[in-house]
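Heads up, the next two complexes both have chain A, just with different partners, chain B and then chain C.
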Partner chain A sequence: METPKPLVQAIKFIALLVSVVLVIVPFWTVIATSFADEETINANAGGMVMWPTGFTVSSYEALLNGGVVTRALVISVLVTVVGTLLSLAVTACLAYWLSRPGALGAKPMLLLVLGSVLFSPGLIPNYLVVKELGLLDNYWSLILPVMVNGFNVIVMRAFFQNLPRELFESAAIDGASSATVLVKIVLPLSKAVLAVIGLFYAVAYWNAFFNALLYIQSADKWPMALVLRTFVVNQTTIGGDQVGATEALPPQLSLQMAILVMATVPILIVYPFLQKHFAKGVMIGAVKG
Partner chain B sequence: MSTPTFGRRRFLHGAGSLALLAGTGSLLSACNDSGAPSSNQADANRGAELPTYRRFAGAEPDLPGNDTGVDDAYRNFPAEQLRSVAETPGNGGTVSGMANIFYAIPPGPDRNAFWADLNERLGVDLDLRMVPNADYPTVFQTVIAGGDLPDLVMMSPPPNRIPNLPQLLGAQFSNLSDHLSGDAVLDYPNLANLSTDSWRSTVYNGGIYGVPIPRGRTHSYHFIRQDLFEKYGVPVELKGYDEFAEAMKALTDSRQRRFALSRILPTMKLLGRMNNEPNNWREEGGSFTRSYETEEFRQTVSDMTELWEAGVVHPDAFSDTQPFKQLFNAGACAVNASDGYGGWTQYIVDNKDNPEFELGLLPVYTRDGSELAPWAYGPGQYSFAAIKQQDDERLTMLLRVLNWLAAPFGTQEYTYRFYGEEGRDHTLDADGNPVLTAEGTANTVLPIRYLADSPSPIFMPGRPQDADYQHEFQSRVLPNGAADPTVGLFSNTNASKNAAIDKAFNDGVNEIIQGRKPIGDLDSLVSDWRSGGGDQIRAEYEEELQKAGGVPS
Partner chain C sequence: MASQVVDDHTIARRRRVRPDLLLVGIGLPGGIALILFQYFPLAFNVIAFQDYQPYLGIGQSSWVGFQNFSFLWDGNPQFLNALTNTLILTLIQTVLVFPIPLAFALMLNSLAGERLKRLLQSVLYLPHFMSWVIVVALFQQMLGDAGMLNTFLIQNDFDMVQIIGVPDLFKTLLTSQIIWKDTGWGTIIFLAALSQIDQEQYEAAAVDGAGPLRRMWSITLPSIRGLFILLLILRLGNSLSVGFEQIILQQGPVGLEASEVLDTWVYNNGIIGGNWSMASAVGLFKMMVGIVLVIGANKLAHLFGERGVYEK
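Right after this comes the complex of A and B.
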């Protein structure tokens, strides 16, 4: 391969550097502000700080002291973990069913799945269904209405369809049931797509605030995304009682940025663990053999 | 065996079926609309007898209010507090309600002694759905559509922006006229203490459909950091636009990230008063003109553009999420050009640990500086609470509960409503003023004040000078003012289309201010606003006004 000329290399380097800086700087200011004390924030005219000269972890201490944020964090983790596992299980079963040639009822079901991708039932019908199921103010209202995503089903079905047909035939000759084939052959071969789809689901569960806003009436049951929206986006004042602070409260901006960090970091942590599968998974369908 | 496939024809067939289903849904929805009463006629509304006003004979104010809209002012909390409601209003059952909240949501009654005691005082188990104010319109619409209404519902503010409001009220909420019209309201003395103005916007379909959450005529203040004005030698009496612009320059030092002004729209409201713009609409001989259509508005846009070019406005001024209160508190912006007048209390509380912070109010003069500009009077209410349709006995009980919640300043009920129990939720300072404890601060923010409220007096615990300052300010500015002539009228086009056409218009104006478009484009923006629904809104208001026989005096 021909080595690019130094000038071209320099231009590429600068372009990449600018891109990285544009991505890193906002993150950095958020993190720096979350560690800044009142004096530093006031010295920056009440705005974001680039370097927390007055470094303090008081915002994190206050937020993790047993108030609404701590509770929301636990709720979000539980909803995300339970929701993602259930979503993956149901999506895998559905995709497997739809990928099997001649499976009973697969055609109308595929139509329904595609219909759900193309047409959304809308806010009010969804609300009525959740209400009639008696799920208002219930954690299941954050999982059940969004448990299966049609797009994810179609992606997973495409992956299953590309698995060698011979594997299924030999398993059938050995007397394996459909469930055995799914669990012992298909799923172990599908780690990449499971990782990608799992990540899609997890990020969706973690970031979802709207369903919680509509269906969850008690603030005690709020997930992190709704806390983030209330205190950071809507800028509701955070009181001592809400964050479990017993002494003087850290500055509002520092608290807001700490909430933002706490709402972002857990889901970011998941990426490196899935990266190996992720790179392979997103290539699904990119190259047809 | 074949793999399930999804061809073009099959897709079209499926899509058609789904579209038909969706269409059926719309049709059902339309049938539902048409089934609701639609007897909202302005002449009938104007004919509805409003509740008799009878001032509650409570604590004497240190500085009394007056007919121009100046509020009563109290330097200190009244030592003797009357009991305004003799009997427990409730019957032991559950009363559900929904309202917006501007604070973090407080704990439930099992962990909130204030709430638990409130239930006891009201004689009900108050089941409140508290929704953050920014999300209230969405949740309100969904709950209404869901049909599972609480007993008491705060209408999404401002109520006249709720599409098909008269039909909604007629179909799902109680007509309270039999209980509140004329002298009937005297059975609920705290509701009779609400001003006649505040009741006007509760009348639809010829009846009273709610209890107002009253607000004073003052409506908003032009807040300033008095300490910064003094620090930089800027006078507060800025007579005319030129002095105002110079003062804003003197307050700005962009290298220090300090700007005079924070947000665009509030600044335009201030400039609009200076330029004698109408208060939203102007009515002349039965014809309405929106402020956007006037030469005065064009002048305001021109002034705003000049201020923006001069760099005296915060760079994030066009962002909806600009933390303007924090910037004001931190001294990064010296003027909060227009904010709810109740914000006085919050700014003082937020800055109680900042010895330099001194709050002030800016009097606005006409453009030539010859006199004070006309004040833009508020609509008299924040919103109103409607009661779900139910039998008369329960309706009476709910009105008794609202009567308790509307207890005026200086009564035992008011004290509990805002300050809770002495010792637990508040302590008394040397002058007998309640000071909320940490527990009280968190627990008393329950949004019951958005289900019913009393007229708000001027009172700042521990700061008697604030009573004199605000009372004097209101007395100076309120005698010369203009009301919005559409208050009490309803335009369904306004309710359904105003948000979209207003946003498009304001986005265009923002581009002009930022220099991306010439000011000449204002004509096409106005034209688009008119064709997008503005003319229809005007026609509906004019028709309503004609039926009503003119703007109420």
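Right after this comes the complex of A and C.
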């Protein structure tokens, strides 16, 4: 294969470099501003800071001192942890059922799973079901409606189907029940796909805004997404009493950016560990789905 | 010894004949959850044919036939506005935005250096994992009146540019946010498909004197055509969903005329306004359009000899 022309190669490289900068700069300046003190922000005409010359963690101290942001963090962490564990368990079990050849009822169920990927029932019917189940303004409304994601079921089923057949055959000869096969053979061999799907679920729970907006009514049950909308997107002033502050608050901008960082950082932390599995997980879903 | 083997086989066969109820039991909780929250809600669409009053419930509310669907023929200006905005955004997202990940995948794929490629990918995937609240907040901080761009312009004695909250720029803003968030992630699936193409084809074509463009046109693009069509059909089912979260977050400053789409209309009139029946009629209409589009596109794909989402 001949080498490509240097000019073409350079243009491609520059285009990719520019996109990388466009992705990184917003994150960087948000983080920098959240750590900047009042003088640095004022010196910058009250705007976003690229480099926090006056470094302070006072925004974080003020926000984590109890009050609305601290509570939202705890709620989001709990919903994410409980939701992800439940989702993983239920999704793996459903995918296992659908992956075994000739399993009773697996065919119609698979069709229902596929249909759920293609269409969604709509906002009003979803709301009415949650309401009828008595889940309005309840944390479970953030978990149960999104507990099973059809796409994730399909990806996991495809992964299970690719496990060596001989394992299942020898287990059947040994008289192992399907539960034993799942726990002793399937799950231990599926750590990669469990990690990817777990990440997908965790990110969805952590980011959940739509369901929180629809179903959570009291402000003291807000997860991070609603706090973010109120104080950062809508720029509602953060009052001292709301965050339980005892002294004067740092500048609003740096408080807002600290909220934004706290909503973003958990994703940034888990991201590198699981990133290597992405391509694999998505590809299985695409090829088999 | 031999009979022992035969016995095991018979046992295994017998076990296969008897339905494995334990297996069904293992899978069922997930199945029930899926049915409860993805299919059971469909039944609640009956309120589209009622004058639904929450305090009466479905049982007591009166039936009104197709009256709630009158938005389809009486030229309701609010509905027409929401429909127009939705269609424009659908068109932009399908025609303009949808192929961008493919272009990026082609660029990344032709880049020399495995490590550099992987590094670029890690960075470009990242925005996909940010929620719309975060993306909208980031855009405000970058492009808003008090954002980084305008702070920079003012400090250097330029005029500031208003981008956020301007109705005329709203669709451009939405589109650039979508591109920022999902271009990188969209490349994964194309990169996977590109890596499946037999490299010998390229070498043979190069020997025959085919230039880079010719090779892309005659080898690369045909190899991923099936995938491209599959993704397009998958998109169509939700093509009238043009981003509820993204829009509802930014609706305030720009006003309804520029920003109202079908999904936000359903939310604003149903959940907020209490006009449950008409809102669910619009939702039902939207779902029907999605179903027709998917089935139609799949038929079309079959006509052109592609696999589509499901076989004939």
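By definition in this document, the second predicted complex is superposed on the first by the 247 of 289 C-alpha atoms of A that agree within 3 Å, B and C clash if a C-alpha of one lies under 4 Å from a C-alpha of the other, contacts with A are read in each partner's own complex, and residues count from 1 in each chain.
In the analysis below, contacts are C-beta pairs under 8 Å (C-beta built on N, C-alpha and C of every residue); 3 or more make two chains touch, one makes a residue touch a chain.
These numbers were taken from a predicted model, which means no experiment stands behind them.
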item: Partner chain(s) touched by A:68 [first = chain B, second = chain C, both, neither]; value: first
item: Contacts of A:98 with chain B and chain C, given as first, second, both or neither; value: both
item: First (chain B), second (chain C), both or neither touched by A:228; value: second
item: Touched partner set for A:219, first chain B, second chain C, both or neither; value: first
item: Which of chain B and chain C A:123 touches, first, second, both or neither; value: both
item: First, second, both or neither for A:44, with chain B first and chain C second; value: both
item: Residue contacts on chain A - larger count, chain B or chain C; value: C
item: Touching partner for A:24 - first (chain B), second (chain C), both, neither; value: second
item: Residues of chain A contacting chain B in one complex and chain C in the other; value: 44-47, 98, 102-103, 106, 114-115, 118-119, 123-125, 127-128, 213-214, 229, 233-234
item: Footprint of chain A on chain C - complex, ascending; value: 8, 11-12, 15-16, 19-24, 26-31, 33-45, 47, 104, 107-108, 110-112, 120, 122-127, 129-134, 136-142, 146-148, 150-152, 154-155, 180, 183-184, 188-189, 191-193, 199, 202-203, 206, 212, 227, 234, 237-238, 241, 244-245, 248-250, 252, 263, 266-267, 270-271, 276, 279-280, 283-284, 286-287, 290-291, 294, 309-310
item: Touch list for chain B against partner chain A, complex; value: 1-4, 6, 10-11, 14-15, 18, 22, 25, 102-108, 129-135, 138-139, 141-142, 145-146, 148, 256-258, 321, 323, 325-327, 329-332, 350, 353, 438-439, 441-443
item: Chain C partner contacts - residues on chain A that touch it in the complex; value: 1-2, 4, 8-9, 12-13, 15-16, 19-20, 22-27, 29-30, 33, 44-48, 50, 90-91, 93-98, 100, 102-106, 109, 112-129, 144-148, 150, 153, 169, 172-173, 175, 177-179, 182, 203, 206-210, 213-214, 225, 228-229, 232-234, 256-257, 260, 263-264, 267-268, 271-272, 275, 278-279, 282-283, 286
item: Contacting residues of chain A [partner chain B, same complex]; value: 41-42, 44-47, 68, 98-99, 101-103, 106-107, 110-111, 114-115, 118-119, 123-125, 127-128, 131, 161, 213-214, 217-220, 229-231, 233-242, 248, 252-253
